[in-house]
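Below, subunit A partners subunit B and then partners subunit C, in two separate complexes.
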Partner chain A sequence: MTTHLVGLGVLVVVGAVYPLVFPGALTIAIAVLLFAGWATAWDVLGGWNGQVSLGHASFVGLGAYVVAIGASHGIAPWWALPLAAVAAAVLAYGWGWTTFRLRGPYFSLSTIAVAEILRLIAINEGWLTGGATGVFIATLPEPFGIDLFSRTAQFYLALAFAAGVIATVIVVSRIRFGYQLRAVREDEEAAMAAGLDPTGVKLRAFMLSAALTAVGGGLYGMVLAFIEPHVIFSLLLSVQIALTSIIGGRGTVWGPAVGALILVGAGEAFRTTFAQANLLIYGVLILAVVLFVPRGIVGELVRRHVRRRYARRAQS
Partner chain B sequence: MRSSFAAVVAAAVMALAAPAPATAQIEVGVINSLSGNFAAFGERYRTGLQVALDEINAKGGIKGQPLTLSIQDDRSDAQSALAAAEAFAGKGVPVVIGSYASSITGPLAQFLTRRKVPLIVLGSADDSITKPGSPWVFRAKHTSTIVATAYFDYFDHLKATDKSVPLESVAMIYGNGAWPSSLGKVGKQLAAARGYKIVGDQAYDQGVTDFRPILNRFRAANPDILYIVSYAEDGVAITRQMREVGLGAKVIAIDTSAALPSFVQQVGPSAEYVATAVSWSRDVKYPGAGDLYERLKAKAGGEPSFYEAEGYLALMVAADALGRADPKSRESVRDALAATDITTPVTTVNFKSSDGVQGQNPIRSLILQIQDGRHVTVFPADLAAQPPRHPTPAWSAR
Partner chain C sequence: MRDVLRAEEVTVRFGGVTAVKAVSLALGAGEILGLIGPNGAGKTTLFNAITGFAPMQAGRVTLEGRDVGTLPAFARTRLGFGRTFQTERPFEELTVLENVLVPAFLTEPRRREAERLALAVLGEVGLADRHDQPAADLNLARRRRLELAKALAVTPKVLFLDEIMAGLNPPALREMIALVRRLAERGLAVLMVEHIMQAVVELSDHVVVLASGETIAEGAPCDVMANERVIEAYLGTD
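== the complex of A and B ==
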């Protein structure tokens, strides 16, 4: 627990000074923080609860669209973001209610379908979403004179988002709900025998995961200032979110954040150094992690740490 | 030992911190999709940019200083493009050129406007980038409105020149991506405004391969004009299946797909008579077009398309403005861009704003028709190499 709080403290302190040290590299830092938040939120369902979603782009897109449509109707982001979270939770409730009776890969497949449905809605309901050509966020209010389009403001919002999601997971991992999540992940029958309602637990995990992801999606909308449905609801984005968490280490507090730092950081480093080969090298990196560190980077570290502790105890 | 190590470190730090030797050159930032989904287009744009760069530097650069390009890959992804744009904004480049997809160029335009860096659009044709636009964003190439208008101007022209062939009804098929849907949308408005009856109107999801149900329905409606907006593979499938189901029309226009050199090879003789809009072709009557074609072809190592020409155009516009401006001041470069008035081998360029449009060149799109297996410019008449072959005969008569 203390380790986690120290980690959170380090994140906030490093984050607080980052814009002063690297004022010219904020976009990439925002991307790292958003992916850290999304992957951590994904992990509530995918890691702690063992239900792999390949549709989290739905919530990112939903968040972005709520902020964009809100902005065009004069609804400020501080109202739009909670609204997006509620909308995402409601969507997750309906979606989970119908699909959590399915097990294993069937749930994952259904998540792809939902993102696809949202994409088609965004394309065809042009009166609401701007249709296939997308929608601009042209103006945002300026609370206390802060320009919400400035990268510095967006950086601190993304930092608050990532830290908030990680803090939520630290809390969840300690409370009863967190143990319920893990019980359902390990063995649904046993959890049921112990008096748990697995569908209810999964539903709550999904709603929490969705709501958190949508908040990050809203911030992403503000960063892009232009949203196109084919891109924001793409399967690629869903896979990236899941992959970030898997590479970093599912079911660990810091795994997804470390995954975001490595994947987004490496993506940017490769982009600027390896020209056209960058995606190839990126693919090789992912392959190497999956082959040699299948538990994810932080997952592997945690396992080694636990083993060493047992070994030491056995010796004494 | 330790002190010598410290000395080495200190020397290294000083070497890194020391200002680079003052090379008098002007660097333009380029954000292009060189890897990922749009890499095929990015490669074509790069060829065009390179040909323009060679030409500019062979003529002595900008005010005697050589021009260089700082090219950053955006991995076909908006977030990477924004990171590259931030680097350029911090680095002090006078102007940025980029990128292909509107999902990337839209965020770029928003960001660079806020950072007050002039942007010349490389590939995106989405209306919304220059309407309402921004004082910092310039586009020499076409928009969806310009292209759709070119098609309907062409239809009107055919109707006016050959009154024996009535052109009254139009049927439309378009993909649901950003570009096809906006061409479809503007097309519908123009058809209504110019008195064409819409007898078929169908959007399809990208990735569909069987168009026969749509085409059969269209055949029953018997349209005079077919207005089709598709990506590469879809357009080939649509044309083949049109012949299969026997859907003909007096005018067949297929956007994007039919403009690619590979279309003729893949579709074969059925490609004859098909019309398509482009921003440039090798036989257009602008001075130097033929010469540009040869240079693009040599650089590309294959048949160039209008994409290479658009890359060339973007850098020529940048170079012209830099030549009239103080390259150290972005305001000055922006003002010079706004005052642009040049003729290139690709097209004429000016950025006179009108009815809610800003920073957009009112480029005259060309209509090409496939004649004897080649793309031939047929409209507008004063730029055309050949007259259009009209009307398109029925499939049974070919």
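== the complex of A and C ==
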């Protein structure tokens, strides 16, 4: 617990001074923070609750579109972001309600379809979404004279998002809900014997995960300022979010954030040095994690720590 | 007053196979009912039907007079059914304490109170000193205790125990028998599926014998053991 709070403090302090020290490297830092937040939010469902989604781009896109369409109708982001969160939770509820009750891999498979359906809606409902060309954010309000298009402002928003999602997970991991998530992940029948309704628990996890992801999606919309349906609702984005969490360590507080740092960092390095080979290297990285650290990087460290702590106490 | 748990004419079919045929039983507070019978007799299936883990084709289940036979398993748990699984099912990635926290949260939504309840239950089953051990690392006897602790932490009215004595060495067996007796003395109604005859004879107030899904005998433990049909059912199968 204290370790987590210290980690959060370090994140906030380092983040606060980062733009002053590296003013030229804000865009990549924003990418790291957004992915950290998304992967951490994905992990509420995928790691803590064990329900793997390959469709979280749905919520990123939903958030981005709500903010962009809102902006074109004069709705400020601070209204659009909560609205996006609610919309995402509602979508997650309907989608989870239809798929969680089916046993087997139906949920994971269905997640791929939902992002695709949203993409088609975005393309076909041009009156609302700008169709296949996409939608521009031309103006944003300037609260207290802050330019929301500036990279510095966006960096701090992304920092607040990532820190907020991680703080949420720190709390969740401690309270009843967090244990319900893990119990359902470990064994649904045993969870029922403990009085839990597995479908209800999964639904709540999905709604929280979706709502948090959509907030980051809204920020991403502001960062891009131009939202194209085939980019924002892409399977690649969904897969990247899931992999960030899996490589970093599912079901751990810091795993997804560490995964974001590694994957976004590595992606950037490989894009410049290896150009075309970057997808291949992604693949190799994933294979290495799956083979050698199946719990993810932080997941492995946490497990060793728990074992060591117990062994020490058992000896004394 | 054997009216805490009543199961009437419970029938369970899997496809064409009738695993449990119109079995009835009743159980009062502080009472231990031993459910015995050869392997494949339908004991676990009856257990699952009563607790809501297997669909029941016919019959009625009441808890303190309330019909619970159509409720999902988790709802029956909340009303007062605590069960163990024949093959233990700990939440492997959680510690011993966290395993028991999950059911403890049912009655105590706040962490601190839930932890107190969980630790009290762990003390009762003799696992308190292991509370921060990963559940995956426990040996068989301790896994059984953890299984029992999870069932107790829902603060049940009826405790369902599915062969929790099987495979225990003599000292562990004696401890487990004493523990179950203490629980019944505290007022819990206990339905116990058991193969270990020592446990059945020492603990049961009443015994029901199943064979091929049907009740073939019931009564006081010593009477039932002497029953010819029972002896035949046991010898005939194995």
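Everything below uses one rule, namely that the second predicted complex is superposed on the first by the 314 of 316 C-alpha atoms of A that agree within 3 Å, B and C clash if a C-alpha of one lies under 4 Å from a C-alpha of the other, contacts with A are read in each partner's own complex, and residues count from 1 in each chain.
Simple rule for what comes next: a contact is a pair of C-beta atoms (placed from the backbone, for glycine too) under 8 Å apart; a residue touches a chain by one contact, two chains touch by 3 or more.
Note that the coordinates shown come from a computational prediction; the quantities given were computed from them, not determined experimentally.
Three-chain overlay on subunit A, with subunit B and subunit C fitting side by side and no clash.
By the touch criterion stated above, A:Phe226 is placed in contact with subunit B alone, subunit C being left untouched. Counting residues of subunit A touched by each partner, subunit B versus subunit C, the larger count belongs to B.
Seen from the Cα centre of subunit A, subunit B and subunit C lie 140° apart once the structures are superposed, a value rounded to the nearest 10.
In the superposed pair of complexes, A:Tyr93 makes contact with neither subunit B nor subunit C.
When the two complexes are overlaid on their common chain A, residue A:Glu268 makes contact with subunit B while staying clear of subunit C. Shared-chain residue A:Ala183: touches subunit C; no touch with subunit B.
Of the two partner chains, subunit B is the only one touched by A:Gly134; subunit C is not. In the superposition on chain A, A:Ala25 makes contact with subunit B only, while subunit C stays out of contact range. Of the two partner chains, subunit C is the only one that A:Arg309 touches; subunit B does not reach it. The superposed three-chain arrangement places the nearest Cα atoms of subunit B and subunit C 37 Å from each other. No residue of subunit A lies in contact with both subunit B in one complex and subunit C in the other. Contacts from subunit A toward subunit B in the complex involve residues 23-28, 31, 120, 123-124, 131-134, 136-137, 149-151, 223-226, 228, 230-231, 267-268, 271-272, 275-279.
Subunit A contributes residues 174-176, 179-180, 182-183, 185-187, 189-198, 251, 306-307, 309-310, 313-314 to its touches with subunit C in the complex. Interface residues of subunit C, counted against subunit A in their complex, comprise 51-53, 72-75, 77-78, 82-83, 85, 89-95, 98, 101-103, 105-106, 109-111, 114, 132-134, 137, 150-151, 153-154. Of all the residues in subunit B, the ones that touch subunit A in their complex are 34-36, 39, 72-75, 78-80, 82-83, 85-87, 89-90, 102-103, 106-107, 109-111, 114, 126-128, 176-178, 180-182, 185, 205-206.
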